[in-house]
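Consider the two complexes below, in which chain A is the common component and chain B and chain C are the respective partners.
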Partner chain A sequence: MKALVSVKRVVDYNVRVQVKSDGSGVITEGVKHSMNPFDEIAMEEAVRLKEKGKLTEIVAITIGGAKNEETLRSALAFGADRAIHIKEEGDVQPLTAARAFAAALKKEGAQVFFAGKQAIDDDANQTGQMVAALLDIAQATFASKVELDGGKAVVTREVDAGLETLEVDLPAVITTDLRLNEPRYLKLPDIMKAKKKPIETVTFADLGVEKGAALTISKTSAPPKRSKGIMVKTVDELVSALKSKGLV
Partner chain B sequence: MAGAKPALSPYLNEDHDAFRVQVRRFVERECTPHIDAWEAAGELPRELHRKAADAGLLGIGFPEKLGGVDVPDRFYQQIVVEELARTSAGGLIASLLSHGIASPPLMYAGTPEQQQRFLRPVLAGERIAALAVTEPGGGSDVANLRTRARRDGDHYVVDGQKTFITSGMRADYITLAVRTGEPGLGGVSLLVVEAGTPGFTRSPLQKMGWHCSDTATLYFDGCRVPVSHRIGAENAGFMAIMMNFNNERLMLAAQAWASAQLCYEESLAYARERQTFGKPLLSRQAIRHKLVDMKSRIDAVKAQLDLLTWRVSRGQTPIADLCLLKNLATSTLESVAGEAVQIFGGAGYLRGAKVERVFRETKVLSIGGGASEVMKDLAAKQLGY
Partner chain C sequence: MSKILVIGEISDGKLNSGTAKVVAAAAQIKGDITVALFGADVSAAAADAAKLDGVTKVLKIESAANANPLAAVYAPQIVELAAGYSHVLFPGTAFGKDTAPRVAARLGVQQVSDIMVAHSPTSFDRPTYAGNAIVTVEAPAAPAIVATVRLASFTAVGSSANAAIESASSSAALPSHTRFVKLEAQKSERPDLQAAARVVSGGRALGSSDAFKIIYSLADKMGAAVGASRAAVDSGYVPNDMQVGQTGKIIAPELYVAAGISGAIQHLAGIKDARTIVAINKDAEAPIFEVADFGLVADLFTAVPELEGKL
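Our next item is the complex of A and B:
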């Protein structure tokens, strides 16, 4: 059974993101990038399932410019067998990405599409769901546990009320949540071997996908600065301060 | 080339970068949150060795057939040291990587059986190895070490003491330098002594720094060690020890550089934030000049460190240059750490500041692995003066 895993190149989670002075977005030039942490979890899960014999092939897929090759090499070091690079520069919105992934999923005949539940750059949390809708297949989002058996996946989801377990028919989309696993450290021999694994380059046109903007970003601004705190000397002082602000 | 990442070093490629990212991740997740607890405990947990081995860090530079990771150059070891140094705890490097000085003799001169028994479990993080050369009677004068190993049938009977031994309390295998022959460098051999061997006891030592590294005095009292535990030929141990020192000095220089770089970054960040007399500290010429002086010295060390790492990677053994590099790096660290504490003011004297810890740990790098004075003597001799 084959799995397709999407991996996005995002500004590294350690970077203190800065808004461009014209408010058109955040500064990405010269800033450290890495694989979206939720996608690392998706990769890790796919690799574990392959190690357990539940998957036979893992194909990593990304959309972006030349630098995305680095992200694919990480995915290959994780244990993907090969990779697909949809080479497109510029901003890609969730619906466009979903169309491309849906086309690739169909073309590959993969049974599972793994994706992070969201990417930490725009936090859209839409792509996986849209892939499922476009192909009219099952979806199990926010996975905290995944089991594959026969033609089915049993997925435990983290929902507001607690844990929900779904059984879905394959092919299906599974998006991964934070507590699903802890991604491994990539070892040097795997990093080196990854360079020899194949990466196929395609474009939206090859996949029959039209790049369209369904959304426009009107403004990006920094969160308001936190104002200075005050020191209180006693619990009474604290309580009255909270009361005066109407917080208790 | 708009947007392209400029190459910062002629020696490093994308494999080094990718490896560094993983080591950094390991250090941030598995080490940094626990350093203070380990420093208080006076030792590292054994579990850390297993985790580091699982992450592929302990075996770097050791042969794959023993569970190691073959590497094309020495920059990979340097990256491990540099990233561990980001924690500010030098003892973490010394103790987690004590096999880096204890195990190379086994790699170069051990029999396949010895390698399977004493090296493989160490690279897997299941056992801990220490190197014991220094004695209470003297550390610099290695050729005159006095711990005696007398042959008795198929055993050696070992009598003597070793001191200042890193990982000495926890070590399962001690790579022990002993006198098996005549006085001087031609009578030294290396034995592997296992923990629990009758006649081998140890006691812990308290130190100025490197608190998370257990350091011990080892006592050998009629300790019987099988002859099959000898590494290499009898009386041929001195060369192995010297080869080991060259390697250790390169690593100590890398550690000193990385610690100095950390001090620089910490004090620069502090000077930016700290206000004195209504202005940021960084706006003061006295402080700006301190910082650029720190940087220029640190960068010079790095240039020489990388050049020698490259030369050693190509199989060269520039003994004098390695001695002088060690001195350059450690004296730079002494000065940079001192200035960093100065920039921090009182905050730099208090526990909790990284620069405080580094400052306490400068001296050990100028003494251990060959003290500065001894390094100068050796370099002068090697240069034919």
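Our next item is the complex of A and C:
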């Protein structure tokens, strides 16, 4: 059974992003990038399932410019068998990405599509669900536990009230939440091995995908700054400060 | 004029408090507001939704298939219902985030996630990069705008209306590929984290679920809900539904007390709208102090019980 895992190259989660002064976006030049943390969790889960014999092949897929090859190499170092690079410079919004992934999923005949629940750049939390919708297949989002069994998956999901369990028929989309696993640390031999694994390059046109209408981003601005507060020295001072503001 | 369909959320048979905030976002867009409620029996929630100021109609879509909120089952019905509406709005909750993209993709439109402000029927602010960059987006009006609403950005509308309640049925074909197995809900007598006026949160510093008792105890004294950092949840001190942050719950209480939380950007993303932030941390350099209105450098194991005692 084959799994397709989408991986996105994003500004590293430790970077404090800066908004450009002309409001045209955030500064990404010269800033550390890495694989979206949720996608690392998705990769890790696929690899563990393969190690358990539940999957036979893992294909990583990304959309983006030349630098995305790094992200695919990381995915291959995690343990993907091969990778697909959908070459596209510029902004690709979730529905457009989902159309491309859905086309690739069909072409590959993969039974599971793993994606992170959100990318930490646009924070959209849409793509996995959209892939499922376009193919009219099941989705299990925000997964904290995944069991694959024959033609089904049993997935525990992190929802607002607690934990929900769904049973879905395959093929299905599974999006990963933080507590699904702890991604492995990539080791040098795996990184070396990854260099020899194949990456296929395709375009939207190859996949028969139209980009379609998009949202127009007219402006990017920094959030309002919180004014610096005061340091209190004792619990008593804190209590009187809270009392004077009528908070307790 | 805009015709706005608000997809209500039901929790434990009752209208989830987020729905009144989605209606507030709809009111900002301006237009005729209908609330749709899906479930097996939604009469109690419908009665509450009918009272929300600005709502002109409540639609009940009741069936056995709708007993649990499955995105794959609700989406085709919402798509069918959406015909004739200019906007379909969902709460920015796990339910809304799961379901909205499925509807948007079926309608062939890009979704606007986490609306913070509606400047016009087609122009919205939304957060990116854990709330560190706010983008203003313009969405094509046709065929419809599908969006989730960042609940922390809106104040719930009042409850003095009396809208008509109607039943609607759906002829959409429903899939059988998704089956609900169970929900393990955390039962708590404490206020709901997402709606509470006061929240006390603990972080990794607590060190164990047993030690977390001092956080619960302070929260009870204050009538507060309890939250946590990701580190505290990952370490198993508290359940997942208590995580506050970029990828947990985004909250806007009057008072937020963070004890033993460093203030990572991902955590701060969840508390940007808190009116007053109090931080208790033994490290004077902790980034949480950059956003705290009142900071106390202290060992939480003495400061938290002392604070409880002095309130």
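Note that the second predicted complex is superposed on the first by the 229 of 248 C-alpha atoms of A that agree within 3 Å, B and C clash if a C-alpha of one lies under 4 Å from a C-alpha of the other, contacts with A are read in each partner's own complex, and residues count from 1 in each chain.
One rule holds for everything that comes next: contacts are C-beta pairs under 8 Å (C-beta built on N, C-alpha and C of every residue); 3 or more make two chains touch, one makes a residue touch a chain.
The structure presented is a predicted model; accordingly, all values stated were derived computationally and were not measured.
In this superposed model built on chain A, chain B and chain C occupy separate space and fit side by side. Once the two complexes are laid over each other on the shared chain, residue contacts for A:E164 go to chain C alone; chain B is not touched. Set side by side, chain B and chain C differ in how many residues of chain A they touch, and the one touching more is C. In the superposed pair of complexes, A:D236 makes contact with chain C only, with no contact to chain B.
With both structures placed on the common chain, the touch criterion links A:R73 to chain B but leaves chain C unconnected.
When the two structures are aligned on the shared chain, A:S24 is found in touch with neither chain B nor chain C.
Legend: residue contacts after superposition of the two complexes on their common chain; A:Q93 is shown touching chain C, with no touch to chain B.
Once you line the two complexes up on chain A, you'll see the smallest CA to CA distance from chain B to chain C is 9 Å. Comparing which residues of chain A touch chain B with which touch chain C, the overlap is empty.
Residues 11-12, 70-72, 75, 93-95, 97-106, 108-114, 123, 127-140, 175-186, 194, 198, 222, 230, 233-234, 239-241, 246-247, 249, 254-255, 265-266, 272, 276-278, 289-298, 303, 306-307, 310-311 of chain C touch chain A in their complex. Listing the residues of chain A that touch chain B in their complex gives 29, 34, 70, 73-74, 77, 185-189, 191-192, 195. Taken in their complex, chain A has these residues touching chain C: 11, 13, 16-17, 19, 25-26, 38, 93-96, 98, 117-118, 120-130, 132-134, 136-142, 144, 154, 157-169, 172, 177-179, 212-223, 226, 228-236, 238-239, 241-242, 245, 247-248.
On the side of chain B, the complex with chain A involves touching residues 3, 14-15, 18-19, 21-22, 25-26, 54-56, 60, 64, 69, 71, 76.
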